[in-house]
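The data blocks that follow each hold one structure.
Next, two complexes with chain A in common: one pairs it with chain B, the other with chain C.
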Partner chain A sequence: MTETALLVLLNLTWQIAALALLALGLAIVFGLLRILNMAHGEFVMLGAYAHVLTAQLGLPPLMAVPLCLALVGLAALLVERLVVRHLYDRMFDSLLATWALSILMREAVELVWGRAYRNVALPVEGVTELGLVGYPTYRLLVIAAIAGFFLVLWVWYRRSLTGVRLRAMVSNPALARASGINTARLSAMAFVTGCLCAGMAGLILAPVMAVEPNMGLDALIRSFFALVVGGLGTLEGLAIGVAVVGGLQAGLSAALSQTAGYLGVLILAILFLWRRPDGIYRRR
Partner chain B sequence: MNRNCRTLGLASGFALMLALPAVAEVRIGVLVPDSGPAGLFGPSARNVAQLALEDINAAGGINGQPVRLIFADAGVPPAQAVQSVVRLWRGEGVHGFVGMHDSAVRAALVGQFRGQIPYIYTPVYEGGECAPGTWVTGETPAQQLAPVLPWLAENEGATQWYLIANDYNWGRGTSAAAREIIEDFGGAVVGEEFVPLGTSDFDASLQRIRGSGANAVLVSLVGGDSVAFNIGYGAFGLDDRALRLGTLIEENTLAGIGAAGSNRLYAAAGYFGNIETEAAQAFAARYHESFGADAAPLNTLGQSVYDGLLLMAALGNAAGSMDVAAIAEVADGTGISTPRGEVLLAGNHVAQNVYLADGTGGSFSVVASFDAVSAGVACE
Partner chain C sequence: MASIVVVSAALAAALLMVPVLGGDFLAWQIGLYLLYGVAAQGVGLAWGRGGFLPLGNAVFFGVAAYAAAMALRATGGALVPNLAAMLVIALILAAIAWVLAAILFHGRSDSGPFFSLTTLALVLIVAQLAGTTPAITGGFNGYSGFPPLAGLDPFGNLYYVIVVLVVVVSAALMALDRLPAGLVLRALVAQESRLQVLGFATNRVKAWAFAGAAFITALAGALYASHQGIVTPQATGFVFSAELVIWAAVGGRLHPLGPLFGAVAIGLLSAELRDTLPWWEVVVALIFLVVVLMAPGGAAELVARGARRLGWRRPITQHSPGPAPPSRAESVAGALQLHDVRLGAGSVQILRGLNVACPQSGILCVIGPNGAGKTTMLKAITGAMRVQSGHIRLGDQDITNAPPHAALGNGIGRKFQIPTVFAGLSVTENLQLAALAGRARGVDFLKPSAFGWQAEPLVRLLAHPGVPLAGLGTLDAGALPQGHRQMLELALTVGAAPRILLLDEPTAGMSPEETVLMVALIRAYQARTGAFVLVIEHDMALVAALQARVLVLHQGCALAEGTLNAVRADPAVAAVYAGGAK
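Now for the complex of A and B:
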């Protein structure tokens, strides 16, 4: 019994960590720019395909990291300059534009790499024994890395000068511009950073997922649910959202069935959109 | 005046073009998924159709008339598929259809055809299709599992089965067929689970499998679901505890699962790209000669279109026409030789060879084959 409980706990932690990683990019772009990036999942997908490109070029596996940053960063910068920057403050238009963009990116990737499933080998194989149960080593490493990363990110956002400028831009763009903050550059930077986070999530999670051109949709939907529940636009809200959504799905799936887990998340998301569209954690 | 003359000329030109299909040829509509979730299998299906066309015409076509193939995308919703099929049937005068698509589209087409035109359905499916004028070459769950489950029990000690399936007709049908066979040979089903299509996270299922004491798992998941499940299965090290068997794990799915996730992962099907018979080896060599070394990999779904087309030609030739009533007279007992081996119509389904392959290491090697296995579908 304790064995099962430990396994459930580990699975829960993994779910929450992976979801936090997936949703971060969407949260950054929405929180700072008020743009719901419907192409978020496709940036995740692009990050996963960095592995495929690395293998094709015959480079060592670790080169996937700089390749991912370059590939996703370049794509995001192009998108920001050509499309997104014209649509700040036009929420619905930006939603449509990024949705179209997501279709374009899927088709482009299909054109280059085909529809086939791609396997990305685990960088670290094997199972680590944790007393009663064994757990995949790669997952444990990823959980630790995500926890550390979020801690650093939170401190940085609270303490650094760029963090202050970002928060100034979010709460009052006009005043921020008047105080000499280059909001255009800051916005571009925020968008690219959000997309890079999505790309890195794809890169890191690719070895545990089915990698194919349509994989992004699932990432988008799950991230969106987490943000709806937690509240859009803050790191704290993101943390609460992924904990509730990831926990509910993993808990119901373990206790009842996968169908129940999925249904639970859907119902929760609908309830929040209906009764409490700002989520649990309201911005002050 | 001049303009009227030209209009008249144009009109008669069009009339001529419309009359053109009267040239003696047999037109077969080939319905393959170019888009949608099964779009992955479109390229291999189209390629093998090309090979079948060459073979049929080299052997004199159907009743001495050359065959022409007309393709349509069947990876679309049923209503849309019906529209394009009616266009081929009524508009282009197609004489028969060969289809490799999902069961929802099949049901819609059967309703549209109502036995008025010969139709051959080719992919792996859940069994049970008995409509008049419809013949089925695809593997059924009973066909794939009846010889294979006892073999795995005897040779690999697989007696305690956990059944996991996607929650729709094929998944449910496969699990039900497996349960019957397992209980028949004295094994036990220690767990059964259905998950929604599109599930990407299987941690909870893997945990249940670990706790069930199963020494074998039947994986009736499709596409990305199967890939995600099997990757997780390997990562948790469950492959040491229980072997896996799938009836729809083909070359593309295995490529997605990769070497680390495929230890003791078995697949049962009527065809694999590397069956070691002379006919299969020659077929694979010709496929890669025609479409390149990096062409879409051969797999049982794509290859089934070849069998379907060959059977259509054999039926047309045996009946002396493409009339569905004439074909129905002679269909039972019609046989063809294909890369799968000997394929023989018994009723409206086929008896065919079933191969069991081990995917360990990330590529299939056939470990057992079973000759002329019945589809186990008895129509009234």
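Now for the complex of A and C:
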């Protein structure tokens, strides 16, 4: 009995951690730039395809990391320069344009790599014994890495000079510009960083996801609705949101079915969009 | 209206030539794209006219297709019961859409992304349900084994039924553009908060647009079942919803026929090119992106712009003048009172226990330094900002935190600090809206004769020799200079003959002559109607010219009240303005 409970708890932690990783890039782009990046999921997908590209080029599996950063970073920079930078302060247009972009990226990847599902091997095989139960080592590593990364990010955002500049830009872009902050460069940096987070999420989670051109939609939906529930635009809101949404999905999936978990998240999201569009955590 | 007949007839003739010239298979193909096109016209109605983007309109298409297929199977495809069933299905879906939009837009004055994302979640839910309930929908294999409508051959006579639907829907959408309802929709997109102050519950306006969109999308979906002989979860899926938006955007969401042509053109090209050019889908996505970024009006707007450059002008319909019905706003009585009103935004407390007792009739000037809470007081009275505690009364009626659109019904008209008119609409159309405000109800919005309504306050205002609006008719209201814009907004505010007029800096940016005119107009309106007029002003000469009582606000409280001279002599007021000891 205790073993089952522990396993459920571990699975829950894994689901929440994975969702936090998926949603981080979207939270960064929305929180800092007020851009609803509908192509977020496609950057996740692009990151996952870095594995495929690495294998095609015959490179060692670890080369997928720099390849992913280069591929996603380049795509994000291009997108920022050509599309997104014209749409700051125009939330509705940015939603539509990034959505068009998501379709474009999906079709382009399908053209290059085809529609077939890809399997990505786990980089770290094996199971770690945790007293009563064993749990896949890769997942444990990922959970630990995500927790560490979030802590560092939170401290950095609060303490570093760039963090101060970013917060200045969020609260008053015009005044930030007048104070000598290059908001155009800062925005571009924030967008690329957000997309890189998405790409890395795709890279890290690829072994446990079905890698195919349409995988982005699911990633977008789940991350987006986690943010809706938690409150768009803050790390604290993100943490609460992924806990609620990840928990609900894992719980309903375990108790009823995968479909119930999926539907539960969607219905919760609709309720939040309707009654509490600012989410649970509201910055004062 | 004649142009609608001509365009509809041309559309019908062109579509009827298709089977003759292109053969049955082409007609079948185009029939499918026409159904898609009607569904895209639904998106065009919501997005282009209502100003909100539904990302999940395939819900109405798919659910109607499933329901129609079930009805066809149950009745063996008989004509009359199935036509009735299609109509009932579309009406039910329209009702659901109405309620959904009315609830989701309730209490907001934006069309932000939250609505789009709710519809996106909805389409995902419905697609998931359609795919995972094989007992009802046939699951991923689809629902099939039903006869087409009245046994019509999808490769033959069913095409003519589709043509009827297309022509009727297109004619109806073109007619809508020429009716008061269409004008209200365009005003909604241009300036939603102003429309609320004119007494329109904008969430219900959007609900009607969404219901209309759902209705025509559902009709197309219901026919789609007969056309295809099978309904799969894709018909209610996210990808199809996305395609509807692309067709509407590329074809042109602002023109009734734009989405239809978008769907047919992209559909035909895709059928031709999909197999020969593997990168065709990438091209379509790229076109969509370019349209979003550089040509938001789509192909239809480009065509219209070209036609304008060649000298084509949409003929201006003259509406014969007729008497306007009485306004809701003129029959209300009762003096306005604020009791201990407190209101804050974020950490800033703006109104701190404001008490004001206004007279039934007369003029009151409100003065006070910047940040005293003058405009906020007006926002509290009209429901634009929520009061945290205290009461606002009208006679013995409590109107605290009534929604913004209810203010006009309570007899309150408000002019904004920054003159707010419906940009993109002509001056004439702005004035027509002013005449509709508070007077039009129900079917009036579908009567062209309502355009000719002569509302008494407007007729008087326009007849005044100094008022420059009468000759400006076809100009875009957004291009007016400040003084004319102030006059136009005054017209919008007095159109419904409100008993309480709230004017926020009505002469800001005006020349001295215009200022004198404005004072005369305000005093004449007050004298004629016996209304109560509250004027926020910084200009002391103007306050003197209005010969009114003066209320001084300071830091969210009433500091002093009386005649201008009495207030001037008040040491507390002098301290505030001259910066003496607090």
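Just so it is clear, the second predicted complex is superposed on the first by the 284 of 284 C-alpha atoms of A that agree within 3 Å, B and C clash if a C-alpha of one lies under 4 Å from a C-alpha of the other, contacts with A are read in each partner's own complex, and residues count from 1 in each chain.
We take it that a residue touches a chain if its C-beta (ideal position, glycine included) is under 8 Å from a C-beta of that chain, and two chains touch if they have at least 3 such contacts.
The model shown is predicted, which means the values in this text are computed figures rather than measured ones.
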**OP:** State whether A:80 touches chain B only (first), chain C only (second), both chains, or neither.
**Re:** neither
**OP:** Could you say whether A:259 touches chain B, chain C, both of them, or neither, answering first, second, both or neither?
**Re:** both
**OP:** Considering only touches as defined above, state whether A:95 meets chain B (first), chain C (second), both or neither.
**Re:** second
**OP:** Once the structures are superposed on A, label A:215 by its partner contacts, choosing first (chain B), second (chain C), both or neither.
**Re:** first
Original post:
So, A:267: does it touch chain B (first), chain C (second), both, or neither?
Top reply: second
**OP:** May I ask you to decide whether A:115 touches chain B, chain C, both, or neither, giving the answer as first, second, both or neither?
**Re:** first
Original post:
Who does A:138 touch here: chain B (first), chain C (second), both, or neither?
Top reply: first
Original post:
Which partner does A:250 reach: the first (chain B), the second (chain C), both, or neither?
Top reply: first
Original post:
So which positions on chain A get touched by both chain B and chain C?
Top reply: 259, 262
Subject >> Contact set on chain A toward chain B in their complex >> reply: 4, 7-8, 11, 14-15, 115-122, 125-127, 134-136, 138-139, 207-212, 214-215, 218, 249-250, 253-254, 257-259, 261-262
Original post:
Taking the complex as given, what residues does chain C use to touch chain A?
Top reply: 53, 55, 103-104, 111-114, 116-118, 120-122, 124-125, 128-129, 132, 238, 242, 245-246, 249, 278-279, 281-282, 284-286, 288-289, 292-293, 296, 346-347
Subject >> In the complex, chain B residues that touch chain A >> reply: 39-40, 167, 193-196, 198-205, 207, 210-211, 223-225, 227-228, 231-232, 235-237, 252-253, 255-261, 296, 362
Original post:
What residues on chain A touch chain C, complex-wise?
Top reply: 36, 83, 86, 91-93, 95-97, 99-101, 103-104, 106-108, 110-111, 217, 221, 224-225, 228, 259, 262-263, 266-267, 269-270, 273-274, 277, 284
